[in-house]
Amino acid sequence: MKIGFIGLGAMGRGFAARLIAAGHDVHVWNRSQGPVETLVKLGARAAESAADAAHCEVVHTMLADDAATRTVLFDGGVFSALAPGSAHVNHATISVAFARELAARHKDRGIDYVAAPVFGRPDAAAAGKLQVLAAGPAAAVARVRPLLETIGEAVWPLGEAAERANVVKIAGNFLIAAAIESMGEATALVRAEGVSAGDFLSLMTRTLFAAPVYQGYGSLIAEQRYQTNGHGFGMKLGFKDTRLTLAAAEEAQVPMPIAGVLRDSFLEALSHGDAELDWSALAEVSARRANLERRES
Amino acid sequence: MKIGFIGLGAMGRGFAARLIAAGHDVHVWNRSQGPVETLVKLGARAAESAADAAHCEVVHTMLADDAATRTVLFDGGVFSALAPGSAHVNHATISVAFARELAARHKDRGIDYVAAPVFGRPDAAAAGKLQVLAAGPAAAVARVRPLLETIGEAVWPLGEAAERANVVKIAGNFLIAAAIESMGEATALVRAEGVSAGDFLSLMTRTLFAAPVYQGYGSLIAEQRYQTNGHGFGMKLGFKDTRLTLAAAEEAQVPMPIAGVLRDSFLEALSHGDAELDWSALAEVSARRANLERRES
Amino acid sequence: MKIGFIGLGAMGRGFAARLIAAGHDVHVWNRSQGPVETLVKLGARAAESAADAAHCEVVHTMLADDAATRTVLFDGGVFSALAPGSAHVNHATISVAFARELAARHKDRGIDYVAAPVFGRPDAAAAGKLQVLAAGPAAAVARVRPLLETIGEAVWPLGEAAERANVVKIAGNFLIAAAIESMGEATALVRAEGVSAGDFLSLMTRTLFAAPVYQGYGSLIAEQRYQTNGHGFGMKLGFKDTRLTLAAAEEAQVPMPIAGVLRDSFLEALSHGDAELDWSALAEVSARRANLERRES
Amino acid sequence: MKIGFIGLGAMGRGFAARLIAAGHDVHVWNRSQGPVETLVKLGARAAESAADAAHCEVVHTMLADDAATRTVLFDGGVFSALAPGSAHVNHATISVAFARELAARHKDRGIDYVAAPVFGRPDAAAAGKLQVLAAGPAAAVARVRPLLETIGEAVWPLGEAAERANVVKIAGNFLIAAAIESMGEATALVRAEGVSAGDFLSLMTRTLFAAPVYQGYGSLIAEQRYQTNGHGFGMKLGFKDTRLTLAAAEEAQVPMPIAGVLRDSFLEALSHGDAELDWSALAEVSARRANLERRES
């Protein structure tokens, strides 16, 4: 199938590579040229522009956020280049409000729109181990489903309204941030009584909380290993996603006190210069509030 | 070994049964007579009083809380009946402050004191699948460790200060309550956008959050199945444990904003008459705040 | 002086009337015609368009929020109609970020920009009893100060950066909302013990809290008199201002946990259909969480 | 009248002095001797023991908290020394639960019990400018009312159940703490935009918030003048009163999210060694979370 792929960041390049490997004719575009060259070596064709990559039967986009998506789609001519009858699969973590807007605008022009955000990190993307959410008109989802199955390990259909996939992605990231904040508060408490974060978290994450989120972030917290070196999920991204939670909750009139707690913890991390650390460094905010350093010195 | 076992609630009777099965001479006592009779059939001896059960080499107690422990231990004569040189293994989830007091008082009288709270539900207790924490003087822990291994699946040593086992137990229960509240808030959000709690939670708990706590409570929330019928972990117990968290945090001067959120959610559940429901019914508090019922009707 | 006045809502019409009464030649514009006619009877001239009203030495705008201000100023042609050397006095409660943007854009075109939000209700506006904040370049503030003194009882200069007046206005409204929420929580507590809200609040507001904010909103809470009938300050406006607080705090990286509490209380009020009530009806949210109605029946 | 007065701290000695000045025969007792001597010079008689001071028609107690009251009343023999038919006026800020217990125990012995906590600082006590709350059986309140009027500027009757006076005192102190925290958060926000705390708070406290609480604590915050030098209301007392709020809210099942915020702010102040500062130093917690010092340096 002739497929366009726009946005070749750490995640997007993994998706595109899997589509190429599955035998598709993939036309790629990215703001910077490096990832394009990498994918061309794998068999992709370099589109001349984002709009050019949109002249395909199915077009995937994987852009950073609402603003980047809006810029490429509308200022960059992608949306107007999409042909009626084609399909647009949007993998980005965008706001519920913007997802609703996009679904309506595509519908007006007779283009199938499928929201397909994913759970998983870049290594899972490359290995095809992602969880892929999917929401949109049933026929549209059915049409692109083989592609989503190529990209991920499992596809989770969430109904006809595109924004449902986005609210699930946002709520999932909220659960992760809440787990991090909870581990941060709990470890501050046990450390104040002389128990190491490592002893506590290894017990928890081998038993009651033996799940990827707790194990992954738990080990970063236990080792205070917050440098991302470009990998990992940084404080700014975490805060961005908390803002998406708060915006969705506001639009839906749903009080979420833990989201408010997260907001303040992120702001405190940012005001202390921790923008470049992994978001599990929220645990340091709890430690600072309790002045643990002074006690343990 | 001649062992005393005091407190045969849902958990304690499981421990005692395993000690009996391992060949020990177990002298049991309980406030009500029923569980005593059950254990006598398994081979236990019925002590005439709590103090009588304390005339053993090792005495286990598994009582409901600080107040019950204080009553049986001091008013009931157990503490003074313990012989210097004997060992007292306390499985109860008690406050950090009380644990510290008990450790000091036992030390004064030359009695080994080991704090050994557990993670797991009664069925895990009966099956020997519990996680057993252990803190106390190294020699004391070594002495009772074979008994702890009889009771549980794994023993997690936490150092010489008894209260460390208790703060870990308290912090673990805080993590569970935080996970429940987070799931409650997140499901209120997705439900407001038309996604069912079941669709959301089954995705989460099969992937990122594939851990016993999320799976167990997640399914109760998804099905709104909050009747405990005497099983399960009720709202009042959950609130009691949140109070232990808040008390420990206060004593240690550790701010824990999520514990404050939990406190208010529990109070709201209690003020609405939900004291007898499973603590996962915290999710209903989130739903009520968002007035989901009105929307979905 | 030839003055333009754009935005004749409950507040703006009071300001304009005072400028007319002081002898100025005031050219007024409003989206709806009614208030224009009222002011023409007092001696104003009706401008043909918003842009037309901007052909004056000093132009005042008093619009609802960021969006309304942006629409009238930029889409409505007001900004481009302002002559270099003229002055623009903006009384609206707008965001810190937008204030910063406006200050920069006016400076680029050589127009004096003064942020002059006010504290006080429409009756205070009509009586010239408002508190007027003022921030902008010193010469600009000096130039329009006589007009501000005509409008209000006192002028409070806040420096050269326009957004300082806006952040003070926003922080002041935050203090009011926090006072309302605090009174709501405190009265829920005393009511649960059988003390009426009236007895409690009359004691507080005649003594320790004998200030306009507590007395005004305290009496609404004591009497549960939340119908605004078009007067008063509604829940939606209160939530809008809490959003301005949260946005300012986010931009400035200042954790504000009470603002987070306010956000959730407003959302709970809105989800229960209280959008048209006075914002002091936040007290009903506290009462509902504590299920006071059930107890007092 | 023959009056006993037990507890001559900064507040109690002022009350006792006013009773002496009004011509009563006042028998005083205090744990330390200094204040006793001062009052003897004013005309009091020194009781030989606390119990001895209780052999009077009316006995006032003004002790630090629940624990001190319990110690003096029960261990110190005061309660058993009270004659049936006598009256006990308790001015202390104690918990709602303890107030309820005391009312019941006095009633059992036929002693009039009146809860009469006060609002005001020691200088107001000396000047007779306090607000005096009063709750207890109507006849009991009527009997001691002339004494309460001697002590304070106004007496506020709150019904027959003694604990109602205590819950009002507690809720009032909650309002004060909430006002401090709100000012702290608001000033952190304006300071981050370059507005001084003094400029902001002087505007607020001369206009919308022109009340003693805001003016008094506002000026301490504006000047960062937190040293109490033995005067003032310290962080530990403030935290004690927040605990009374939380305990009352828990007993009454009233969620109070702002009380939760206060708890964490107090804990953060205490963990940073600010126990001896005035409770208005909560504002420093907000400043530290926002890292204002770094920005302003």
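Order of writing sets the chain letters: A, B, C and D. Residues in each chain are counted from 1.
By definition in this document, contacts are C-beta pairs under 8 Å (C-beta built on N, C-alpha and C of every residue); 3 or more make two chains touch, one makes a residue touch a chain.
Keep in mind the model is a prediction, meaning the values are calculated, not measured.
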Show which chains lie in contact with subunit A and also with subunit B.
C, D
Greatest Cα-centre separation from subunit A belongs to chain D
The pair out of C-D and A-C sharing more C-beta contacts is C-D
Subunit A and subunit C: spacing of chain centres that average the CA atoms, whole Å
38
Could you give the separation in Å between the centres of subunit A and subunit D, each centre being the mean of its C-alpha atoms?
52
If you average the CA atoms of subunit C and of subunit D, how far apart do the two points sit, in angstrom?
37
Junction residues of subunit D - those touching two or more other chains:
249, 253-257, 261, 264-265, 267-268, 271, 289-291
Complex contact set, residues of subunit C against subunit B
257, 264, 267-268, 271-273, 289-291
Touching residues (chain side subunit B, partner subunit A) in the complex
96, 119, 131, 133, 154, 156, 158-159, 161, 163-164, 167-168, 170-172, 174-176, 178-179, 181-183, 185-190, 192-195, 199-200, 203-204, 207-214, 245, 248-249, 252-259, 261, 264-265, 286, 289-291
In the complex formed with subunit D, which residues of subunit B make contact?
243, 246, 249-250, 253-257, 260-261, 263-265, 267-268, 270-271
